[in-house]
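Listed after this line are the structures, all set down as structure tokens.
The same subunit A turns up in both complexes below, where it pairs with subunit B and then with subunit C.
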Partner chain A sequence: MENLLEIKNLTVEYHTQGEIVHAVNGLSLNLRQGESLGLVGETGAGKTTTALSILQLVADPPGKIMGGEIFFDGVDLLKTKKSLLRSVRGNKISMIFQDPMTSLNPVYSVGFQIAEVIQLHENCSKEEARRKAEEMLEMVGIPKERYEEYPHQFSGGMKQRVVIAMSVACSPQIILADEPTTALDVTIQAQVLELMNDLKEKLHTSLLLITHDLGVVAQVCDRVAIMYSGEIVEQGTIPEVFDHPAHPYTIGLFGSIPTLSMESTKLTPIEGQMPDPTELPAGCNFSPRCPYARAECHSKKPGVTRIPGEATHELRCFALGWEQPDETLMEVIKRGR
Partner chain B sequence: MYKFILKRLFMLIPVLLGVSFIVFTIMSLTPGDPVQLYLGDNYSQEAHDQISEELGLNDPFLIRYAKYVFNALQGDLGNTYSTKRPVTTEIFARFPATVRLAGAALFFAIAVGMPLGIVSAVKQYSLTDNASMLVALLGVSMPNFWLGIMLILLLAANLGIFPASGDAGFKSLVLPAITLSANSLATITRMTRSSMLEIIRQDYIRTARAKGLRESVVVFRHALRNAMIPIITSAGLQFGFALGGAVLVETVFSWPGIGRLLVDAIKLKDTPLVLGLVLVMAVSFTVINLIIDILYAFFDPRVKAQYK
Partner chain C sequence: MNFMTTITTTTIVKRRKKKSQFVMVWERLKQNRLAVAGLVILSVIVLAAIFANLLFDYEAMAVRQNASIRLNPPSSEHWLGTDEVGRDILARIVFGARISLPVAFATILIAAVIGGLLGAIAGYGSRTADNIIMRIMDMFLAIPSTLLAIAIVATLGSSIRNLLIAIAVSNIPPFARIIRSSVITIRNEEFIEAAQAIGANDRRIIFKHILPNAMAPMIVQATMCIAGSVLSIASLSFLGLGIQPPTPEWGSMLSNGRQYIRVAWWVCTFPGIAIMLTILSLNLLGDGLRDALDPKLKN
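Now for the complex of A and B:
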């Protein structure tokens, strides 16, 4: 399968009052046609910034895309003309934002907000756009009679459906979904996820799903990339990463989720905090919290290595290359989850 | 919506009663003899007594007020003491000039202030932003009368482009309108800027950009309409004040508006005229506030939903 979206070495910084926040640091990521990729990480890992960078929606100031390439359809979106970028936004790549309560314009009807994007990209008449927008509303399970209603007349879950209808209205090739279910309660979460799964299958759209919920990833995605401090630390197919997590951070993540099969009274959290993004450590970004870290981890940045014997499983860690491996870590990796 | 408007118009009644009672009381408590004004310099004691009786000035305070209200309800606001013509005639001879001046000033303030504010917000900290904030600062800090005199000096006396005073057509409106608008222009510019700056950081603006809309559409269609509420609030208030007559500007430009009329009436203790003018001001202020509230509903469906 060919890569539809290729991010290479993306670096994004936020410049605020004499400080530089290193939000995304040399991130590389591929998304194939029809594939769903989960981008997982804790708050502040740079997931949203990564997605916003693809459409260049990072607020500037304070945000600045410092370097890298984002290829879509053979074109580097970071270097292309504004007009071409606009024809991609909402049309070929669309985005679902985290908070449905604030991502719809309160002074326009939901129908208009959907029809607007259709009319813009499909070069059709107002009536045609309206008809299609009504179709979209129906598709996400909102009766088309509610076309003229305003966002304040909808509940959070309904609003997120409207946002989803808006983002799939032009049958995009890629949907960037930034924690689409975080602001919703659990029952609505399930509905929205199911809806997205359905739409994905119907429209053969690629999906970049940003979340910090590993359960959601397992339910929706084909592949997963684990993000930490602006870098991808581990990525691979769902079975590869979920069954045999290899990066100490990923292992820690799974360790902090309760499981049904294991009886435990206490979870095992990852000790410490994510490093201050204005002052990243000299070595591996995870080294200050890593229980297996050795001297080189604190002084050098690890590169990306493919895990031997696995097709796509990649890791940003020294541990697998050590001449004298850390036995506890190896034990954990081998045992899997 | 109609119910809302009707309700608001009914609220005019207590407002007008209150305003007229307060002004009536103040006018009665202040020293000075209106009969003296009415009769001029030479008069006999008999004439004085007769006029006092005719004007009803010998009645007790509450009776006088009740009579005034009773007449006012029939559209009779009495005659002025100074010209002895009906108060309504006097006011409506002057009010259109005030409306014209206030309207022109408001138009100018909005036409210049809003674009300046929008550009400032969209290009925050740019040269344009700093320049328009300087204009705004000058606008609020320059005294009206001083700006008026400077404009007369430069554009009327020296260059002769506009007339220096009076009310004779469009040309004579320009200088007083600019002078009167300086303050509201500055306020509207700052209000537009801060309101737009707040809105432009909202999530739904990012959503609009993510749709692929042009920046101009994002700013004017998606941001501006949301930013309108504080802008129309301040513009409306400024207009309301201007309708109450701009004494200084009217004086500098000898503009025949109601501001000067009111000051003269107060000086002469011309109670019927003062009362009439204050009532007109109260009505126009209330009506403008109502219009602002209706505009809120027009710009924001959430407000409209509350008006039912």
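Now for the complex of A and C:
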């Protein structure tokens, strides 16, 4: 399968009064046709910035894309004209935002907002756009009689359905979903995920799912990329990463998930905090928190290595690499899962 | 049970019936008694102004001087009395509306369009554009608006066109400020980011996504500005810089009548009431309109 979207060495910085926030540092990522990739990481890891950079929506000022290439359909999106970019946005690559409460315009009916996307990108009459928008509403499970209603008359889950309907209205090749279920409660979350899965199968779109919920990733994605302070620290297929997590951070992430089978009164967090993005450590970004850090970890940045014996499993680490982690650690992981 | 089903069917039927935006706004406006009262008063004034020729003979009643009936109190013949040169006050008020209302509406239209545009550019555009536009607006704001209008009319000469320019210019800065601040609030909303993400261009985002959301403060400002503009025309005429006599105008009528207030109160009271009623009705209507246009209050 060919790469539909290829991000190479993306670097994004936010320039605020005298400080430079290194949000994304040399990130490389591929997305293939029809594939869904989960981008996982804690708050502030640069997940949203990555997604926004793909559509060139990083607010400038303060955000600046300092370098890198984002190839989509053979074109570098970072170097294209604005008009071409606009024809890609919402049409070939669409985005689902985190909070459905605020991502719909309160003064227009939901139907109108779906029809707007269709009218912007497809040469069609108002009636045709309306008819299509009604179809879209039905597709996400909202009766088309509610076309004329306004966002405030919908619940959170319904609004997110509308947002999803908007994002698939022009049958895009890629959907960037930025924590689409974070603002929703668990039952609605399940419904929305199921809906996204269905639509993905039906329309054969690729999906970049940004989340910090590993459970959601396991449910929806084919591959997963773990992000830590602006870098991908580990990526691979779901079985590769979930069954053999190799990066200490990933291991810590799995370890911090409480299980149903074990009774525990306290969660097991990863010690420490994300490094200050204005002053990243000289060595590996995770080294200050890493229980396995060696001397070289603190002075040199690790490169990306492929783990032998596994097809796509990649890792950015000196310490563990493909060496078998010790037994107690494996225990933690097993308990964690 | 039967009862319940009837209710659900009627609501569904109701929902299916599509109403245009205008009809919906009108229906909600009707609910607001004060707004309807404002609309009625304003309509009476506007209709009187439109059909003034049918109601009164301009030459005979509003312009020609007749010393034999000067300063007559209200009577069955002259409902609101006559002024110091024997002209019918009601006729002059009605003809005066022909000046005040169109000039007032035209000024706010000009001020709202130019001010709104400048405000939107300042709020949405780059920091440099924002700084340049808003510092110029600040300069205008530093001068009291009446003084600014006086200065403009004094330089350009007094005519209706210059009066219009003067009042419009002095009303642009508050519009620009208000629109800019709401544009800044709205442009940081996620739905604007969403609009960018569906591929809308800047013009579309400003006009279709930001400005409709900034409508409420705009309408309030516009109604206050119409009212203020009626007052400005009146004050400029009062100072002798606006409409020149003998053309009837509310402000100049006030100005002329003020010296007779002890002996003939009606000469300046009735034009004053006319100004007050117009402003009041506009404010009531504007308030109601703002509520009626808010989709959150629909249904």
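Going forward, the second predicted complex is superposed on the first by the 311 of 337 C-alpha atoms of A that agree within 3 Å, B and C clash if a C-alpha of one lies under 4 Å from a C-alpha of the other, contacts with A are read in each partner's own complex, and residues count from 1 in each chain.
By definition in this document, contacts are C-beta pairs under 8 Å (C-beta built on N, C-alpha and C of every residue); 3 or more make two chains touch, one makes a residue touch a chain.
Note that the structure is predicted; figures quoted are calculated from it, not measured.
With subunit A as the common reference, the superposed partners subunit B and subunit C clash.
Of the two partner chains, neither subunit B nor subunit C is touched by A:Ile65.
When the two structures are aligned on the shared chain, A:Leu120 is found in touch with subunit B and with subunit C.
Legend: residue contacts after superposition of the two complexes on their common chain; A:Tyr150 is shown touching both subunit B and subunit C. With both structures placed on the common chain, the touch criterion links A:Asp99 to subunit B and to subunit C.
Once the two complexes are overlaid on the shared chain, A:Arg86 sits against subunit B and subunit C alike. When the two structures are aligned on the shared chain, A:Val21 is found in touch with neither subunit B nor subunit C.
Only one of the stretches 25-33, 43-51 or 115-123 in subunit B has C-alpha atoms clashing with subunit C after the fit on chain A, and that stretch is 115-123.
Comparing the two complexes, residues 55, 57, 86-91, 94-95, 97, 99, 102-108, 116-117, 120-121, 150, 152-153, 163, 166 of subunit A contact subunit B in one case and subunit C in the other.
Put simply, subunit A touches subunit B in their complex at residues 55, 57, 59, 86-91, 94-95, 97, 99, 102-109, 116-117, 120-121, 150, 152-153, 163, 166. Contact residues on subunit A toward subunit C in their complex (touch as defined above): 55, 57, 61, 86-91, 94-95, 97-99, 102-108, 116-117, 120-121, 145-146, 148, 150, 152-153, 163, 166. Within the complex formed with subunit A, the subunit B residues making contact are 201-204, 206-214, 222, 225-226, 299-302, 305. If you check the complex, the residues on subunit C that touch subunit A are 12, 15-16, 18, 127, 189-191, 193-201, 204, 208-209, 212-213, 215, 295-296, 298-299.
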